[in-house]
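We call the chains A, B and C, going by the order they appear; numbering starts again at 1 in every chain.
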Amino acid sequence: MSNTVVATTISHTIGHRFKVWWMIFKISLEERLAYRGDFALGTLMRFLPIVTQIFLWGAIFSAGMTEEGKLFGYSYTDMVAYYLLTMLARAFSSMPGLATGIAAEIRSGEIKKYLIQPVDLLGYLFLRRIAHKVAYYAIALLPFAFVFFLCRGYFSSFPDLLTFGAFLASLVMGFLIGYYLEACIGLVGFWFLEVGSLLFIYMLLSFFLSGHMFPLDILPTSVKTVIELLPLKYLAYYPPAIFLGKIQGWALVYGLLIEAVWLLFFVVLSRVMFHFGVKRYSGFGG
Amino acid sequence: MSIIEIKDLNKTYHVHQKKEGLWGSLTGLFRREYKEVCAVKDLNLQVEQGEFVAFLGPNGAGKTTTLKLLSGVINPTSGSVNVMGYVPWERKNEYRRRFALVMGQKNQLWWDLPARESFRLHQQIYQIDNKEFNYTLTELSDLLQIGKLLDQPVRELSLGERMKMELTAALLHSPEILFLDEPTIGLDVIAQHNIQNFLKYYQKERKITILLTSHYMKDIAALCQRVVVIAQGQLKYDGSLGEIIDQFSSTKEITLSLDTNDQPTGLEDLGEVLEVNLPRVKLRVQRNKVAACISRIMDLYTVEDITVEELPLEEVIANVFAHMSQPSDTDKPNEEIVSSR
Amino acid sequence: MYWLKRYLNIWFAFLRNSLVRDMSFRNNFWLELIAASSWVVMNLGFYILVYQHTEEIGQGSGWHFPEFLCFLATTTLITSVVQAFFMPNAQEFSELIRTGGLDFVLLKPIDTQFLVSFRKVSWSSLGNFVFALGLLGYSVWKMTTAETDPLVLSPIICLLYPLFVLLGIVMMYSLMMILAATSIWLGRNQTLYDFWFYITNFSRYPKEIYSGAWGLPLQYLFLFVVPILLVVNVPARMLAAPFRHQENPGLWYVEWYLPIFMVGAAVVSLSLSRAIFQWALRSYRSSSS
């Protein structure tokens, strides 16, 4: 093969790739919008659990042994702000149906189509996920803005620009970690066909230990140090903690760096798992 | 009084139309267009006790929909049906105890359990007493030769074996009417044959009424005296299979083996030339001209061998369908966009 | 009574079939058992943490730690039963609608709602039931042996408690059936499960936490309009803090109006679920193949 041919195929493939990406993105977006009933309900529903949380903490604070009106270093308004921001973090990092979808495709043998067709499974699903998220944000933007506007009183002060930038960075990395982490769990399906329960345990852990259910600061210090070593906290706890100024200065810099390392780890892990999984799968003859 | 009476039966489905493209999906969030599909249109039909009736029709003709209406699974848009004195969609328990529906594409047995467990459940649900249940099960499993498979999880059975199990499940409560929707779909020739034989025997023995749809002409030729052709939801023909063949295969095929390898002349005058593959020649000739044609052939050529055949049944039916789907001037297209919400 | 025996027989057959099936995937069964119970344990852990820093959830509500354990136990009892007996069926119901498998259910000479809602049983969810019983025992022991103001259990309460737990289950079941029936109209309904989760989420906390200008309307909404707040609150309060913080014993009906209301609400919601289910069935259109 001569050099010019290589060059043209490359430029061709890049242009082609973008076209393919755009197609996948568009189709996923359409698919998402097809079920309007589901969609509208689903978006509104997400605000419900937080309502009970706010009231629950109201009740806890009302009878709590507070120092200067604070529990675990949080005032009541901080607490409310924390939950609102967690909602936002979860809107980025939650990946409903990703792992189950991958596992189901492996089990039913549908995964073959990614091995036969010239598409990369992880890349394809990634684009679809972005499309889903975009569709979601487009519709959820209004309700979110409305709720945050209503609750603006709970945000005592807006962080400085640098902190806010860190907050945004942690949101985006939260999305990426969420995606690759769950993809890894789905890929476990290459080795164990029944990932349902594993997934449930993951969901459970992430619900309690990511900061989704409560700020990690309420844990006893010894437990907290261990939990802080896990990557789960980036899924929910970390962005609000940055926003509320719980993590500052060098701790914040190191924190974000470690987050980036975790992200890299999961990207590599998912690639490796996919590689060996496919090998194993085709070794069995599908 | 017929056992099944269908009067002016109509069933219309609303299906929403998705518009093309991203913009279409976006606008679809707010308003949607609906289309009406007439799956069954002004159907009138009577079936007598003990008949074995075949429903024929192209894909989407409304056969399955009719069977679903008869078994009360869906409600009609208008019209009336009377089966053994019941209105199917009222779903009276007494009615439901007296018929069965088998669908070739679906299974109703518990996937992860041996069929025997599902049968036991049927026994409870249909209130079959123990003695009768055991007797019927033994009889059916002997007839269908599934005795050994009863204790194997259903998901591990082959398609044909599963179909036999489905049939057994449907017949356990000795229904008086049996609706069969493509019972032999996807089965190999031997399995099809087994099931045909079984149905034939069972129907003779019990004198039950059976309505069957199938796309395999063998099924129909082997089983049914009466054929009902449906297309676009409407009844197009009702009569015996023989009559259909008379009516729609007005031609026969003549195959000649000629003596020479020279191009014969004058073939076109005899009939439609289908194939010239010397020394073989295939002609299609009007039914009433066959005799005359053969004698002329004998005059014109030296012939080594000659055969006269009916059109294959498949082809006859294809003719029927082709004829049916030509819209006459009273027919409207059965789909139209009617409303948007 | 003959029909009752018949339906019970069928139900036993369902129980048996589900058990046989669960046992043929034994590893999965154990995993599910562990997963389900760790949820409860973690939830318990959270409240243990919270009670290290507070004495009561809701000032003056009477939900101290032992009482709250009773509340948690009641929640778990009810959810575990719902998850074991109804959840698998509700999930399968959407699937039946989508694939047209409901056809076969409609053919059976037996009540369709019964068949749809009792077909499958998830035995592994019953692990939590046992756990909840243990927790209940512990909290009752704690409450009856408290130094100040110990709880005195009357036989009537011991009888009424299981009865009201049952009523709570009936109400949850009705809500689930109503939600499931809507999937006949909506076709595919992925968010059904989410919706169920979010709505019942309101029932899992003491009603006293909904206070203040925003809270009270919410409380009344979930007490009287969509009465899921009654489900756990009424039986739990009956056992744990039998209205003993209220002064005037002559006004018994003030204390008892919620339980009495709950009886009515259970009856109404059950009938409503049945009506909606029947209504929805009429628009069932099967699937096209």
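In this section, a contact is a pair of C-beta atoms (placed from the backbone, for glycine too) under 8 Å apart; a residue touches a chain by one contact, two chains touch by 3 or more.
Everything quoted here is computed from the prediction, not taken from an experiment.
Here C is the chain whose Cα centre lies closest to the centre of all protein Cα atoms. The greatest centre-to-centre gap from subunit B, using C-alpha centroids, is found for A. No other two chains have as many C-beta pairs in contact as A-C.
Separating the centre of subunit A from that of subunit B, both taken as means of CA atoms, is a distance of 52 Å. In this assembly, the C-alpha centroid of subunit A lies 31 Å from the C-alpha centroid of subunit C.
Note on chain placement: the centre of subunit B and the centre of subunit C lie 48 Å apart, centres being C-alpha means.
Shown for subunit C are the residues that touch two or more other chains, namely 25.
Of all the residues in subunit C, the ones that touch subunit B in their complex are 6, 9-10, 13-14, 16-17, 20-21, 24-25, 99-104, 106-110, 112, 115, 282, 284-286, 288-289.
Within the complex formed with subunit C, the subunit B residues making contact are 13, 64, 68, 71-75, 91, 93-97, 100-101, 103, 105-106, 108, 110, 112-113, 117-118, 120-121, 124-127, 153. Of all the residues in subunit A, the ones that touch subunit C in their complex are 35, 37-38, 41-42, 45-46, 48-49, 51-52, 55-56, 58-60, 62-65, 71-72, 194, 196-198, 200-201, 204, 208, 213-214, 218-220.
Across the interface of their complex, subunit A is touched by residues 25, 27-28, 31-32, 34-35, 38-39, 42, 45-46, 49-50, 53-61, 186, 188-191, 194-195, 198-199, 201-202, 204-206, 208-212, 215, 218 of subunit C.
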